[in-house]
Amino acid sequence: MKERVEDPTAQELFGFLLLLGIVVLTLDLVRLVFVGELPVSRLSSLLWNGIVDSLYIGLAAIGLSMTYSILRFANFSHGDLITVGAFGGWTVAYLIGGIGAAGLGSRLLLDADGGARAGDLGMSIVGSPLAIVVGLIAAAVFTILVALAIDRLVYKQLRDAGGITLLIASVGVALALRYIVAIIYTQDSRGVVASAPFWEPAYLPVDRINLHEMTLVLSAVALIVGVHLLLQYTKLGKSMRAMSDNRDLALVTGISTERVITATWIIGSGLAGVAGYLIVLDRSQITINLGWFLLLLIFAAVILGGIGSIYGALAGSLVIGITINLSLVWIPADLNEVAAFALMILVLIFKPDGLFGGVETA
Amino acid sequence: MSESTQATAGEKDTTEKRVADPVLQIEELDKRFGGIVAVDGASFAVERGSITGLIGPNGAGKSTTFNCITGVHRPDGGSVVFDGTDITGESPERIANRGLVRTFQIARELPEMTVLENVMLGPKGQLGESIWRSVAPIARGNVIEQEEELRDQAWETLEFFEIDHLAEEYAGNLSGGQRKLLELARALSTDPEMLLLDEPMAGVNPSLERKLLDRIHDLQEEGYSFLLVEHDMDVIMEHCEHVVVMHQGQVLAEGPPATIKSNEEVIEAYLGGEI
Amino acid sequence: VGDADHDARVGVLQPATGDLGDLGAPIQDGGALPGLQLEDEGVPYEIEIRREDTETEPEVGIERAQALVDAGFPSITGAASSGVTIAVAQDVYFPEEVVGISPASTSPDITDMPGEFLLRTCPTDALQGVAAATLAYDDRGLETASTFFLNNDYGQGLNDAFVANYQDLGGEVYEQEAFEAEQPSYDSALEVVLGDNPDLLYIVGYPDSGEQIFRDFYENFDPDDTLVMVADGMQSHDLPGDVDNPMENVIGTAPAAVGPGRETFDQLYNQEFGSSPGVFTSQAYDATAVHLLAQFRADELSGPAVSAEVREVANPGGEVVTPSTLADGLEMALDGEEIQYQGASSEIVFDDNGDLDAATFDIFEFDMDGYTVTTQFEL
Amino acid sequence: MALLEVVDLDAGYGDLQILESVDLVVEDGEYVTIVGPNGAGKSTVMKSIFGLTNLMGGSVVFDGQEIHDLRPEQIIRTGIGYVPQSDNVFPSLSVLENLEMGAYILDEVPEDRLQRVFDRFPILEERKAQKAGTMSGGQQQMLAMGRALMLDPDLLMLDEPSAGLAPDLVDDMFDRIDAINDDGTAVLMVEQNAKEALRRCDRGYVLVQGQNRYEDEGDALLADEQVRQDFLGG
Amino acid sequence: MSNEPDNGAPDNGAPDNGATDNGEPEETLTASVGRWKSDLKLVVGLVFATYLAFGLLGILTGVSVNETAGFLQTVTFFAAVFALLTLALNLHWGYTGLFNIGIAGFMAVGVYTMAILTASPDGTPAGFGLPIPIGVIGGTIAAGLVGAVIALPALRVRADYFAIITLGFSEIVRLTITSGSLRRIEVGERIYGTGGGSGIRYTPVDTVVPWLLDFSVLGYLGEVLYGIGAVVGVSQSIINRVLYALVIITFVLLFYLLLQRIARSPFGRILKAIREDEIVARSLGKDTQRAKIKVFTLGCALMGLAGILWIGSRSLVTPESFMPVVTFYIFVALIVGGAGSNTGSVVGGFVFAAFLWEGPRFVRTILRSSLDVRSPPTIYDAFVELAALDPMPLVGYVVGSLDEIRWVLIGVVLVLLMIYRPEGLMGDRKEIAAATDLSRPGRGGSDE
């Protein structure tokens, strides 16, 4: 770790301004609620949407952050792994859930020919829970297999290459993946999940709970906790960090770097696949651009949090998720991403290594 | 015994008096990293034209002191005066341009530049460092002549450091010791008034080490001043007029090598009872 | 007729890949369909339909249009979004004198452009704005509205037209929110537009975002509180199925479609591509059909020659040609007979600006199987 | 049979050859030093033994097993420990974690050895939780050494272990290496502190421009006028 | 890694001495000309080989001369445009290590400024109706200024973080110009603004061609070209486009010389040092912050100018032209050519335009028109037919999916390039940052 020039004054100033801005906005929020311009129910639903958004961004961001720090490149094919997971997982869910209700071709191609409509098949967590759960697992497994295959074919040849070389290669992988999916499934976007079932709890303060959204929230939280435990209490976490620090030394220490890389792909792509599957469960719509369109936000979250820190990635996701939703109180919807990016830039100027510090590649 | 008490850091206010013509003066320097106090009220001065040694156990705060002097770190307290000007907290480039240049303990070569480019980067006041002069045909003036001069100097420097055969090699491909040499060559090429050398000899082959020291003496005669961090006591004892000993961020003792050598505190803290 | 190798050549320029690929690929299919249909029917002519992909980038669009022209195509069915169409027209159609018929560019700006080499088989949004506003305010008595529109020229243009007319009639507009296509969720934005409980929510967009918007709508809001109105962009039989909701509180306006042509087209499309046609696919079919008829009627394969015949084959007067009688139409055109093409999407009557003369709009409602036209609205 | 046998080794980086038919032998329990000018290829020899260079010819046999085709993480399991010359700690791991990484190939961290390392370098225990990258140069050197000692290798390869250490620690380091050697571990060391190193070792090699130049017992090399003049600074 | 970095042209034989006699030393001039010549030879050779190959392909597969010529013209145009952008990026990334992935944003600033300055005051949105040259210069300056403003805070952070800041910036620009908020701003009776999704219309900058043809000499040249075109069957419009491409190529040459000068200078040395280790440069007394701001500003201005020459040659600008993917194209071009080398940048721009951008489309079109097979609705149907031993539906499906397949192939080609040529085609020709030949003095300037 080389010394860096310290230059606290500008940083402090920025931090102060940023803090001031946040305080002012919070006060304004309170004011709006008080004068009744912003009903509490709307505020809370904006916040809740923010949290839901940040959960699936976060799920995908963990994987991206891990490959970023351990393989030392910005993986632009991560978004398309999300897409692959979504298509793979839902295909399996359709194969199981649609038995008898639709033809094999329609099920295999996820209703590409309009022959297996989600509503008719009852594709919901209540309608065919088994299919949905098996699909979830399949999404993870399938994405992992794809990611490992790509690693063997592509990234393994590039282990000693620089970050940019890998980045460009990953863009190549991204294009190939996305359009292979397009060739198979066609580019039509379509709804593949039936209407979300609701549960109306008697004893909770909320009126009704969207069970698909709840499935997403619970699975995401469980997976995040699981990954945390895995990295905290096994050697794997440490060897990953060691590898991201200094690969040659890690080799010399006896760490099988290939095995760590494999583990990284398994965790990272597994989470990405699950994220893709769950996003579709919540949104119902599936398109080949699913992951690609999300990638920018995921990158923003990872870098905002500090590359290589999974807690940073989660914190970054939370900031991004809440910003794109809560900012609607003040600005029009077509500028909410502007707000998210602007906030990200300000935070990075205040904390140049991201919220949780981190490594760098290029 | 009595000499050594006289030389301890107890009487900080006397620092100035002990040095007749200080080129560099450090007063009450503090630097903390979180809970770790790396430099803790260190004060010392370097006589103009001298080779002053800065020694102390590992982690005593020597490199951190260097970083504070050269603007890489911002001291939490105290002052640094160079050539009569207070330079505390100035940016690294301003300090370097004042003629105070340092080398790094862990060599920091510019890996994807050739060795020659590394050295040619050093010299101050290069005309072509302005973007306009490097581009505009008329404003270019003497840029090319100057470049040729710099090139010739650079080759000489490399020859002296015995790395001229590597001139066109990328610096990142050098061996550990070669990097150290390059580091030193580059710092020298800036033609500074004073050089801060952080363990320049660590990893350098003994024969070359002697040559380097001779060169340092030559330069000293030309009026350069040196502050030298080194763990090789033979080097310190033989080549420094004055030695400052740091320990746990403070100046433990200072004085001529002979005194330091027999200072018991120093022996206990640093020299390890031997010698 | 024709050059050495061909009797007719039409380029179909649509975004088949890229961000709008899911929308544009079916339109491209629709534009290529007449060629396939005629081939199936065994017409004895060499007809070349060349698909080109704009990749959803205006730059590529212009460049591909240029390539079609360089290859000697006098007719182009394209482009999709008005931005690309305007650019392509200005930089390629006009200077090169080839005829472009856009199936999907509804921007009012296009009306002002010369109608000789740029026409369209979709209506201008200026009219649809009037239709929608009148329907909402006068017919249904909805006095307050919020709008939610796609953040591109289609969304912005139609929104402007609607809002201006609605306010002129006396309606109050609470919120006008633009949205980006294919966002992860529209919950929060809907929260904003519906916050003040308007009587009407006017949504302009395409099914790709529409699916998501309506999902979010039905999950979080009470459909009985708000009537939702959509425009032609969301006229899709797949929408309720994809949303998995009958969408009973949704009505829409779209330029009136002529009955028989539509059904033949739906059938042909389904048979060829295995799915039901999406937005602007029938307009694309019609554009290509008009091109073909005009080329057969023209005495050479050149832009000006086609341009001279386009209105001849489409506008009233002469034998009626529909999608089901397209092959016969070609013969008649070749013989120089008077014909009028009545297409899958509308009757196709071009005015001098190249705009549709259609002043009739369908009002449609959704149910689980798609949409049905309930009434028509004449301006 | 010798513990380590390097025969006719050609190696380099990419296409660039650095070593030319280098021969090197370390007997069981022996203490061998390599000295030579900067850039002679000393570190390259070590890296080649550990499989980190491009091997162009020759063979490396350890304990009767050919290891030149093995991967580094396999080589360490054959019983070779290695402390590289530079970049030899994990900067963003804590001191303790760095030491634990030293015992990576074991199932669990041997507490007694950890304690021994701490006893030897108390500062490491004091700064257990500090990020290694923020330790001083010398402290990092201690940490690197400590990490290698977490295993009990048959052969310990040290690339300039004394560089950057304070004098008391330099002596100590050499003593320590002696002690390790006395316990039966063979040592292969590169040193610029050549006199001290040759004084203490059993046998020494002088490497110049990628080739063996001299090989003899340490004291003999020290006594050799030519060697003194050319490589030991008189 | 190469152990013998390129040290200039082997055929540069000018002696070292005699240089100082006459002020501006000749030998470096000849040296750079020599180097320049060999690079030029290389580029021109590559270009001709490519044209020949594609030309043959076109003719052999029965594509008309006009269409083939149009294709080659398009390649030339995009090659020039990408070369411009790649050169600018090389200054940022190749030389200074500034990981700018917001190129699209800076282009947008340039083009929109030009559009607003030159658009007709009667249009919607209205512009200021200024002459085109003022628009071009204004747009270039605006892009540079915005770059400077971004640089002040953003350059404090490190590579990856800097990258996402520039990307965020470019998205902010794009979303803002799309947004309804700035779409229409009424000032008096006129409506100014960005036009939102429908953009701004203006007189394109390629109208410079007719203007140039008004000059007698150039006009004559034009006539000659038209004449040749008429004989071989190439339309006037293609020739006009070729002429505009030549205008851009002139800019490429100017950019190239400018950047070459910068690269081979002490200033260029500082830039490289910043890329390698900024603290070292600062510790040697170099004001890296200033250098970075200057370079970033200059590079952004060049990106703005390149944007103007490209998108400005259309008559309409919309936000869709500035999707982040544009930035990525330029990065690919740079990496393919070889980051750190200006010649490499130009080659990269050309290779990208010819083999990744335009070539595959050409080939796709040829394939499509020669393989006339019907596509079944889904791939499932195709395989079902295949199982019934009829391979044609699958072939048809493949032909029908050529658009998608083209993307898959581009992806594969990128991967293969990175695996087999990661340093880029000209990555071994990295320039040495010095204004003079650096060979050891006394041995002559040209020893190897």
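Chains here go by letter, A, B, C, D and E, matching the order in which they are written, and residues are numbered from 1 within each.
We take it that contacts are C-beta pairs under 8 Å (C-beta built on N, C-alpha and C of every residue); 3 or more make two chains touch, one makes a residue touch a chain.
Just so it is clear, the model here is predicted, and its values are computed rather than measured.
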What is the set of chains touching both subunit D and subunit E?
A, B
Enter the minimum step count from subunit B to subunit D; a value of 1 means the two chains touch.
1
Return the distance between the CA-based centres of subunit A and subunit B, expressed in whole Å.
49
Per the centroid of Cα atoms for each chain, what is the distance between subunit B and subunit E, given in Å?
45
Averaging only over C-alpha atoms, locate the centres of subunit B and subunit C and give their separation in whole Å.
75
Could you list the positions in subunit A whose residues touch two or more of the other chains?
2-5, 7, 112-113, 179, 182, 186-187, 332, 334, 337
Taking each residue of subunit D in turn, which ones touch at least two of the other chains?
13, 16, 134
So which bits of subunit E are touching at least two other chains?
1, 3, 175, 178-180, 277, 279, 282, 377-378, 381, 404, 407
Once bound in the complex, which stretches of subunit A touch subunit C?
39, 42, 45-46, 49-50, 52-53, 56, 112-114, 117-119, 179, 182, 186-191, 193-196, 210, 279, 282-285, 287-289, 293-294, 324-326, 328, 332-334, 336-337
Applying the document's contact rule, which stretches of subunit E touch subunit C when the two form their complex?
63-64, 66-67, 69-71, 74, 78, 124, 175, 178-180, 183, 196-199, 201, 204, 235, 237-238, 241, 310-311, 314-316, 318, 320-321, 323, 325, 358, 361, 365, 368-369, 374, 376-378, 381, 403-404, 407
So in the complex, the part of subunit D that touches subunit A is made up of which residues?
50, 52, 71-73, 76-77, 82, 84, 87-93, 97, 100-102, 104-105, 131-134, 147
Residue numbers of subunit E touching subunit A in their complex, please.
99, 153-154, 156-161, 163-165, 167-169, 171-172, 175-176, 178-181, 277, 279, 282, 324, 328, 331-332, 335, 339, 377-381, 384, 401, 404-405, 407-408, 410-415, 417-419, 422
Which residues of subunit A touch subunit D in their complex?
1, 235, 238-239, 241-242, 244-246, 248-257, 359
